[in-house]
């Protein structure tokens, strides 16, 4: 026990479809946190172990179990892919170790899937949909059209946004659900164009989302006076689309590298190692690892419940969050930001892509505890 | 005979995978001759023809044709020398119809038969143009296989058991056709089980056994050598 | 391909010896290797062996076996979690579902040959896949988690990983025995005759479709059984198991090990699962390497690892 | 304005046109696939990967060499075709004699390798390829806004498809190829250089996929996964049309594009399955496909 | 013997392919216990007629009675089960099974021991003796363990015959059983057909007129899908129509 290394696992998608939303970035971020922390905790060396779950839940579950049971891993971070995040958090509960999710966005992680051993840190679908919908309604755009990826994740985004739209007196004039394998969205663009909606909201992620935005540009949706909103947009998506295509899009994010001096300082170091600035997942990976290590130090043990308690009671103040706090459902509550994609003319660099529209305070951003179905929440 | 043979095969060996099938075949064919290869089942007759045309994997020896060694030139160039091949299994393409099968082999030389002549020779083929090649009856496929080679202008033809599965009347017709071809100066190697048929057109017979040429019998000496022949053929 | 129904005695003894060795190894394995990993190997070994029943012994290339494997996993997971059926019934439900699905697929596809068979099974499996994406009970791409493992026969607590391991081992051995029995039975004899020459079998007064359908259904059921065991052991059911990539992977396992042999698919499954596991922490591009394996295997060991071994044994002692 | 099941006729017309455009993509891809199957007896699972390569080739030529759209559209298929020739020479060639299971697995492996490699190098997110300035904007057809680029796509792909079809069906090349599948030795014995012909055919068909990829680059993100998402549908097209029937592949591709487009309008949830439903129905009724030679 | 009742009775049997009529209004009666030969020029429709009788092709018109039952609509496998079994013009064996196993498959089919997947292979041993006897009867006793694919062409034909006989059919349909056989094999096969023909009905297609004249009780001559003559060998070979259409000048 004494002197045995404390291990932190990064379980992520290194080579698959989510690799640009996690993968190398996540691994580097966690390693940076460990280095910045000094490479030791409780006088024991810190080690980072990494596995590529290949988006296969069994690989993730057996790796997680093996890590927790026999490799001395006390915390697993990142966990992209909602199916995997939901499964591994259950493993963490079974094994009484800790899992922190920065990759997956599924708000089920703090709802019906919550556990006392897991934290959903960086963002979730509820906060993203909520932020963007609120902002656009505020600007007076009350008539919405949804273009939704036809799977649980897309449905959740759409449902969360719809609730806000309707709750604020807006209306949804149409919604199409595109099968997740679709690469051609032109059929839906015609429908969107024919609808009276002011906002065309894209509830999806990844390549299909990117392709949908491309079609929107091609069919001149913006030119015909509609606003395109992305309900889950990563910086990397915007970069990959190019500003020409993505300009003007409204989106919500948990982090943007160019927000202030602190974010820029971290981002500079990160970019040197990865070749691109960090996005909300990377920043969350770093911040949460740091928070975890501090809690271990403070608790004087790696015991999961004691560390969890420490993490909950300590507010998070770093470049990522101001006064962030972890609720009993595992949600890390912090401010969220609504951005708009810059026009090519406004941009001064390759990654100079977003401009801030507004900040949403943490308490307004995330699903209120009163609506939670998490059994850990007593209400 | 002063004239050099058109084809001179020397020490031809051939293999199927690891099995050594021909163990040194020697024979020659002069221009305008009909020569048969006879022998029991499995003696290597078909393999000899296949070696000449280049569809056997591994070969050794020499097959000089008009001075060029057939073993040394690329398989697809053999036909361009005017050599035509009618395979034992007929080789009708099922994905092509009768007409396409007939027109299939490119005519590498002038002097081939016109389609009408071929139809006159094999009336069964007439009017069947759009039937899929292998839907023809066994005998009709044989006719098609011979017919398509006659189109190409080949003047040296390798025929592998052209009478198998053919009705007696048509065997007679094929015999007549071959005699006409011979008169036109065509050279033919014929592999045949039907001795009576072979005797009606051939000049000489080579007897094969276990991958070797074991005897040569001129056609006019056939009757005199019947006993010897029957011994070779295991009758 | 099996060359003959009755392997030479020497080979049979070697095969039997290897099998006994394998079973002994598997019984002792949890001492050395992480059990959950072994469970995964077992489940995929059974899946590949079941798949091989149709590919290797009937000569039908199914490109839709993921539907049985993954479909059964969903049903089992749902039965155990939502209907709260006892373990045995949940597994049975999954297996039965796969068998019915296999029967249905089979009835639609069995008369077709070669690539058409492969494509129909693929199309049908894709339908199952899209249903799994959209039906509420499957949880879409999230899948079903937190499936209770329950108690074997109401007594043995399967939350204990060792108990779980031996349960799966038992199930796998049972499945393999069924496959072995089928292949080496009068029925299996007819199957290989059908693979060799279907028309001739018809002319002998038998209806090949019926035999193929039974074999296909059995294969589907056993694939489902493998999927059901996996759902219980891993406590989840996911979309991955019903994708066409999974159907492709099981072909790889079978081919890699050696199709038409009983041990081949087991060897193949171990290699693929092991590779996946090893590569996950290697930092190498996994898809690329799996692809490379396909290519190398097709170009160099067409008979598969076990198949090549068998040939070596046959050659070494003439 | 009149509606059909709640869909305005104008939108419906638009959907038909868009379906046709998508169909013409399927046609380019399934054409090559059908020829490769029909002539080489190979089930080319790598077809999608070559399509992806076409896209990447275009992107690389643009971003690294600064070539213009038209140059890349010419060069990308050539590059992909050359790679195809290498693949055929090194691997496929040795598998013609064995069961087609093996060539299927080989090409499946190659597809995985290419996809894995490109994801490793270029990441999963994909790369943007802008619509060339000469083809931006659109035409207002009255019933819909048709982006110029899509009009160009349909024209270009149909022209290429028809030219290919003519080249194969109206010359003896088609007969040579079909015969070579059955009995390469004999075709060779008739004086035809079969190995060369097969290599060129594979290279050409794969080049067609590369052309489709380059053509698609401005429409869809150039990403490593772009091939694997269309390949299955394209397979279905070929099976429905009848393996090896070239005209059949083209007609079926267009028809399926339309069917898929219409399901996207009326019942989007089913649009991914529509193709497979059609496929199962067709195979049950006409086992070897709608346009195959055999009954 | 020639006066026994017909066991197969086909009437007005017709089959066309597209516009081409391969079998046209054929009436055929095969009497039980006879060896009946079917001859005719290439493409006359002999193999097609075989395919129709065994339902490997469906007739476009006409009716087939077998043992007084109408089998026109039956499936090929069921017809085989009723005792009407065929061999193929192009030899049709199970190439990777040994000769012994080839025959055993047929014995299994006859004994209906085909679905038992729970039973051991050992139950098949009971067929071994019978299989050996059959192989012996076609001269393959020493080849029992050879894979069918490795047998020479003539031996494959013999194996095909043994497999067909294993079903103990009442009626045997043989399509060119001698094709491709060497002279020695032809003699043996003819003797075999004669001996199995006792107590059975045999219908065969053959171009070897020596064999036909030697074996057959009755001959039907087909030309362009139609019956042009029927009778004993001497009757048929005397028919000038037949000589012109089929035999040619040198036979007789």
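Here the chain labels run A, B, C, D and E in written order, and each chain numbers its own residues starting at 1.
As a convention for this text, a contact is a pair of C-beta atoms (placed from the backbone, for glycine too) under 8 Å apart; a residue touches a chain by one contact, two chains touch by 3 or more.
Per UniProt, the chains are B, E = ABC transporter ATP-binding protein; C = ABC transporter permease; D = Branched-chain amino acid ABC transporter permease.
Model, not experiment: these values are computed from the prediction.
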{"item": "Chain labels contacting subunit C (ABC transporter permease) and also subunit D", "value": "A"}
{"item": "Label of the chain whose CA centroid is most distant from the centroid of subunit C (ABC transporter permease)", "value": "B"}
{"item": "Comparison of B-E and A-D (more C-beta pairs in contact)", "value": "A-D"}
{"item": "Farthest chain relative to subunit E (centres taken as mean CA coordinates)", "value": "A"}
{"item": "Between subunit C (ABC transporter permease) and subunit A, distance of the C-alpha-averaged centres to the nearest whole Å", "value": "37"}
{"item": "Mean-CA-position distance for subunit E and subunit A (Å)", "value": "75"}
{"item": "Subunit D and subunit E, separation of their C-alpha mean positions in angstrom", "value": "49"}
{"item": "Between subunit B and subunit D, centroid-to-centroid distance (C-alpha), Å", "value": "44"}
{"item": "Multi-partner residues of subunit C (ABC transporter permease) (each touching 2 or more other chains)", "value": "130, 134, 285-288"}
{"item": "Residue numbers of subunit D (touch at least two other chains)", "value": "116, 119-120, 269, 272"}
{"item": "Contact pairs between chains, per stated definition", "value": "A-C, A-D, B-D, B-E, C-D, C-E"}
{"item": "Subunit B-touching residues of subunit D, taken from the complex the two chains share", "value": "172, 175-176, 178-179, 181-183, 185-186, 188-194, 244, 293-294"}
{"item": "Sites on subunit A touched by subunit D in the complex", "value": "15-20, 150, 176-179, 181-184, 186-188, 190-191, 193-194, 207, 210-211, 214-215, 218-220, 236-237, 239-242, 244-245"}
{"item": "Parts of subunit C (ABC transporter permease) lying in touch with subunit D, wherever the complex brings them together", "value": "61, 108, 111-112, 114-116, 118-120, 122-124, 126-127, 130, 134, 244, 248, 251-252, 255, 285-295, 297-299, 302"}
{"item": "Footprint of subunit E on subunit C (ABC transporter permease) - complex, ascending", "value": "1-6, 181-182, 184-190, 192-193, 196-197, 199-207, 211, 214, 218"}
{"item": "Contact footprint of subunit A on subunit C (ABC transporter permease) as seen in their complex", "value": "34, 36-37, 40, 130, 133-134, 139-143, 145-146, 161, 230, 234-236, 238-240, 276-277, 279-281, 283, 285-288"}
